[in-house]
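Order of writing sets the labels: A, B, C and D. Residues in every chain begin at 1.
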Amino acid sequence: MANYNTMEIMICVAARELEDGATVGVGTGAPCAAAMLAQKTHSPNLVIMFEAGGVSPILPEMPISVGDSRTFYRAVMASSMCDIMDTCSRGLVDYTFLGGAQIDMYGNLNSTIIGEDYRKPKVRFPGSGGANDFASFCWRTIVMTLQDGRRFVEKVDFITTPGWLAGGDSRVNSGLPPGTGPYKIITNMGIMDFEPRSKRMRAVSVNPGYSFQHIQDNCGFELLQAKDTLQTEPPTEEELRILREEVDPYRYVIGR
Amino acid sequence: MRVLDQSKGRLFTDPDPDKARDFFRSKSRKMESKVMNLSDAIAKYVHDGDYLAVGGFGANRTPIAACHEIVRQGRKGMAFAGKTATHDFQILAAGEVFDRVDVAYIVGLEARGLSPCARKYMESGRVEVCEWTNYGLAGRFRAASMGVPYIPARNILGTDTFIRSGAKIVECPFTGKLLTLLPALYPDVAVIHVHEADVYGNARIKGIMVMDGELSKAAKHLILTTERLISNDEIRRDPTSTSIPYYLVDAVCEVRYAAYPGTMAYEYFSDEEHLQEWLNVQKNQGEFREFLNHNIYDCPDHYEYIRRHGGTEKMNQLRQKELLLHKEISHG
Amino acid sequence: MANYNTMEIMICVAARELEDGATVGVGTGAPCAAAMLAQKTHSPNLVIMFEAGGVSPILPEMPISVGDSRTFYRAVMASSMCDIMDTCSRGLVDYTFLGGAQIDMYGNLNSTIIGEDYRKPKVRFPGSGGANDFASFCWRTIVMTLQDGRRFVEKVDFITTPGWLAGGDSRVNSGLPPGTGPYKIITNMGIMDFEPRSKRMRAVSVNPGYSFQHIQDNCGFELLQAKDTLQTEPPTEEELRILREEVDPYRYVIGR
Amino acid sequence: MRVLDQSKGRLFTDPDPDKARDFFRSKSRKMESKVMNLSDAIAKYVHDGDYLAVGGFGANRTPIAACHEIVRQGRKGMAFAGKTATHDFQILAAGEVFDRVDVAYIVGLEARGLSPCARKYMESGRVEVCEWTNYGLAGRFRAASMGVPYIPARNILGTDTFIRSGAKIVECPFTGKLLTLLPALYPDVAVIHVHEADVYGNARIKGIMVMDGELSKAAKHLILTTERLISNDEIRRDPTSTSIPYYLVDAVCEVRYAAYPGTMAYEYFSDEEHLQEWLNVQKNQGEFREFLNHNIYDCPDHYEYIRRHGGTEKMNQLRQKELLLHKEISHG
């Protein structure tokens, strides 16, 4: 079995979720690496969109910013934020990848503040950026994050970005477009989805070297477990080669 | 069409389109030279207490020279549009220029990390915040650009982002669906960095527009910094390429490398080392003060700032990097 | 005194209303000729905007269409309808010139239908085009039309484009932006404005060769008369020379 | 936010953004060749009963070749967006293609006069009408392009245009002002003529966009006719110049002179004599029928139509006129 690190397996697993011909709104870092890897493996027609306006570039290297010039290098269009987000709002964008400082059992994300006093927060994080917009509009939200009890919390301090909100039908009742919502959570230990009725987070696949219990031990709330929990296929030699040599040769994302 | 939910955030500007119309009615439409130096433009159009927005995204095509000048001139008590504000945000935070912020994205520099000084300022309780998203702020500029008090959208529903925003939720009278209403945001002044402009302010942006089309129309006053002045004849040769028409513009300042140390597409790539220096030096208060003196307060203008960071030679290297020539050179 | 025809005096009179540095939204034909004439006489900085997207062209000849390529020939920007109309809506456009099949005493214009059965009209006209938009948003609407009792009617069959609606405060009460409204009506016989309180049409200037009574005789409703009705200055030799030689050398608008 | 006034017009399309989202979800985003001939594209994407919109303005950059083909194929019962529809409108009216029209501007050809056949059809009582304005229809496309059920505006207030529209008037919850709500319009199919497109549908328009940016996004299916195909490599060389991205497009048809006898900016000027012939011949029913046979029904395609009207020599003359070379030639 190939050697790989935490970030490498997350990127490889995420890339597999992106089928050929899909559209994906991505940020920089791991999401962008996953999309690039998918393009170079099974999804040559994957369409990458950046919220600042870049559409389907031929990425010469990992962008540093969602709006840097790499994001529209030999793109089919250099557009605008309104154009990209309108396109998401119209229902043309299939996937988005997000992260966050905290996530709860319904996939709600916090990237705004830690602390109880909103006016004087203990920690101020960047805020939504385009995350709330992407998660509201794109059909399927995939979250990539490290499995950690301080990230997977019972209740996020602030819902920056909507998951399934309070579960059940609460998301669609809030007015968010029907058919959207968190789809998969990809961590270093496994893959979670959401139980269709309650919308509670559920482990569906366990990464090599981990068990369901490992995941539960690093999760601040009770996880559901799918009936037939799978073993995640480890990254293949080919995936790792492309990731290391073509996608991220300077190891900006996968680390040194 | 009832208002179903009310947010708790405060609007820092008035969304009334008729007040904006009264302002725009009196704004000059004459096609006359607006060329001035940047420090005069900032002195004339950026005032204590004003609502400020800047163009670009992250550290890309962001008017850094103008941010330095605003800090250098000691503006205070401003409101700021934190629309994926990164290096611009930490500069303005270092100068404690603003005390009200509409937030989409602040305190971070994307993949580069978080700014200690910006975080500290935001955690001090001295800054009033209203929460939005990137599309939310773009929508607010768009409403203003259309001369209407709001536009509807379908984001921020169901979240604390809504609760801490200044939006409203209503039922759509056509479909019964719940909609977010994003109120118009007319900044008092905006600064946008462009590739080319004529002396009147007809300007071209190459590559992504981000939300600068909407912002240029929403702003009451608009300062352009431009990599280079071009002739009006060249503008008229190709009107399809004009991104911003002159009648929106109050000042045109030719400032080469005005987005440095950020990226200007097709011109120069970001200076990642200097941006890391910015982040690292903030860990030590005394060093940071000295750093700010060296780079902003004691630095007369952007030309000197560029000179202190490698001048033309460095700019050439960043140009090579932007155009990916460094790869050809290293392979050649 | 110079010889001139009906169209020529209307264009010359209209041109005088446009001060230097103003913005004007124009259609083709007489409005465009008036704007061009103003540019070539007293208003070199007049900014001409066409609703289809042309901004401040250097018109090489009279456009045939509001959207033809002349309307953005050497323009400062080739834009879009939304951009131009948004600019009007924001309050940046001072004047617009309109016409219509019918006009009433409050300056309401009909360019939609003649007849009582909307579903099966006696005559179908083009409709608003951009007229309703311009008249709603631009600060001052100027109407150029022939003085004719069948055009100046007690009640228009259809209010396509708002004037002062039912007079008094009815326009602003309808929600239209305060400060906008019909400003002047320019005909072959004279110039009308609107009495400030009632918003009823009022003759303020009589063209050479006509009297107030001529105007009233060719008007289907009772006209008010300003206290000091003026005599319209006839077109000067210079105005006519520029109009005939530079603005409309092929006499598309001023006729043969 | 109460609904204060209700119009009497009928909406010919559903403004529900979720129904549109369901459609767009299943629309292919693959970057694959969409090149086909125009008659196949019309056969495949333009159906009896569909809601049709075409690009351009007046007789400028209007897809006349497509209008001929729609009439030639005998489409009936369509709804049509009459957004400064001039020569396109009289062609479609001659074919009695539509029986429902959203009107901004119809039956006229601007300064050229009114179309007798179009007027007669509109006065027959056989066409259901809903009244709007140019900005009103642009706003309806814009709402659709944004994925919201409506956008607010401040036009058509107080008029019969409002009463015969499908808009609503509400009180703004931020300002108390009265606003018109323009419902989203998602056409089933749109045809836009462009200067250049690659085989995937990435397209460039030179000069004014009119409302084709909004329309291209609002339409469920989009057919492009293009003066010329260009390489994807050329598109990628200058992404700033792309006006329409490929994922909106269903068919790409290379049809040179497709806007003839109208104007295509930078390519050819309108054929005013032929347009006058169109207007004049309508006075005699028999002659008009013969004229339609000659120019549309018995004319296999646009190449033959061009050939019947002077072919390349005439197109060269119109090109000279468009580029104002005829003035230099006559002065030379």
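The definition used in the following text is that contacts are C-beta pairs under 8 Å (C-beta built on N, C-alpha and C of every residue); 3 or more make two chains touch, one makes a residue touch a chain.
Please read these numbers as outputs of a predicted model, since none were measured by experiment.
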{"item": "Contact-richer chain pair (by C-beta pairs counted) among C-D and B-C", "value": "C-D"}
{"item": "Chain A and chain C: spacing of chain centres that average the CA atoms, whole Å", "value": "57"}
{"item": "Centroid distance [mean C-alpha coordinates] between chain B and chain A, Å", "value": "28"}
{"item": "Length of the line joining the C-alpha centres of chain B and chain C, rounded to whole Å", "value": "40"}
{"item": "Contacts with two or more other chains, residues of chain D listed in rising order", "value": "17-18, 146-148, 153-154, 177, 179, 206-207, 239-240"}
{"item": "Chain C, residues touching no fewer than two other chains", "value": "72, 78-79, 89, 137, 177"}
{"item": "Chain contact topology (line, ring, star, complete or other)", "value": "other"}
{"item": "Complex contacts: residues of chain B adjacent to chain C", "value": "17-18, 20-25, 27-32, 144-148, 200, 202, 217, 232, 235-237, 239-240, 242, 245-247"}
{"item": "Chain B partner contacts - residues on chain C that touch it in the complex", "value": "20-23, 45, 47, 55-58, 72, 74-79, 86-92, 94, 137, 139, 177-179"}
{"item": "Partner chain D, residues of chain B touching it in the complex", "value": "1-3, 15-18, 146-154, 168, 170, 172-175, 177, 179, 181, 183, 206-207, 239-241"}
{"item": "Chain A to chain B touching residues, read off their complex", "value": "27-29, 51-54, 60, 64-69, 71-73, 78-82, 85, 89, 108, 112, 118-133, 136-137, 158-162, 165, 170-171, 174-177, 252"}
{"item": "Contact set on chain B toward chain A in their complex", "value": "56-61, 82, 84, 86, 103-108, 110-112, 114, 119, 122-125, 128-129, 131-136, 138-139, 142, 153-161, 164, 169, 177-180, 206-214, 263, 265-266, 269-270, 272, 322, 324, 327"}
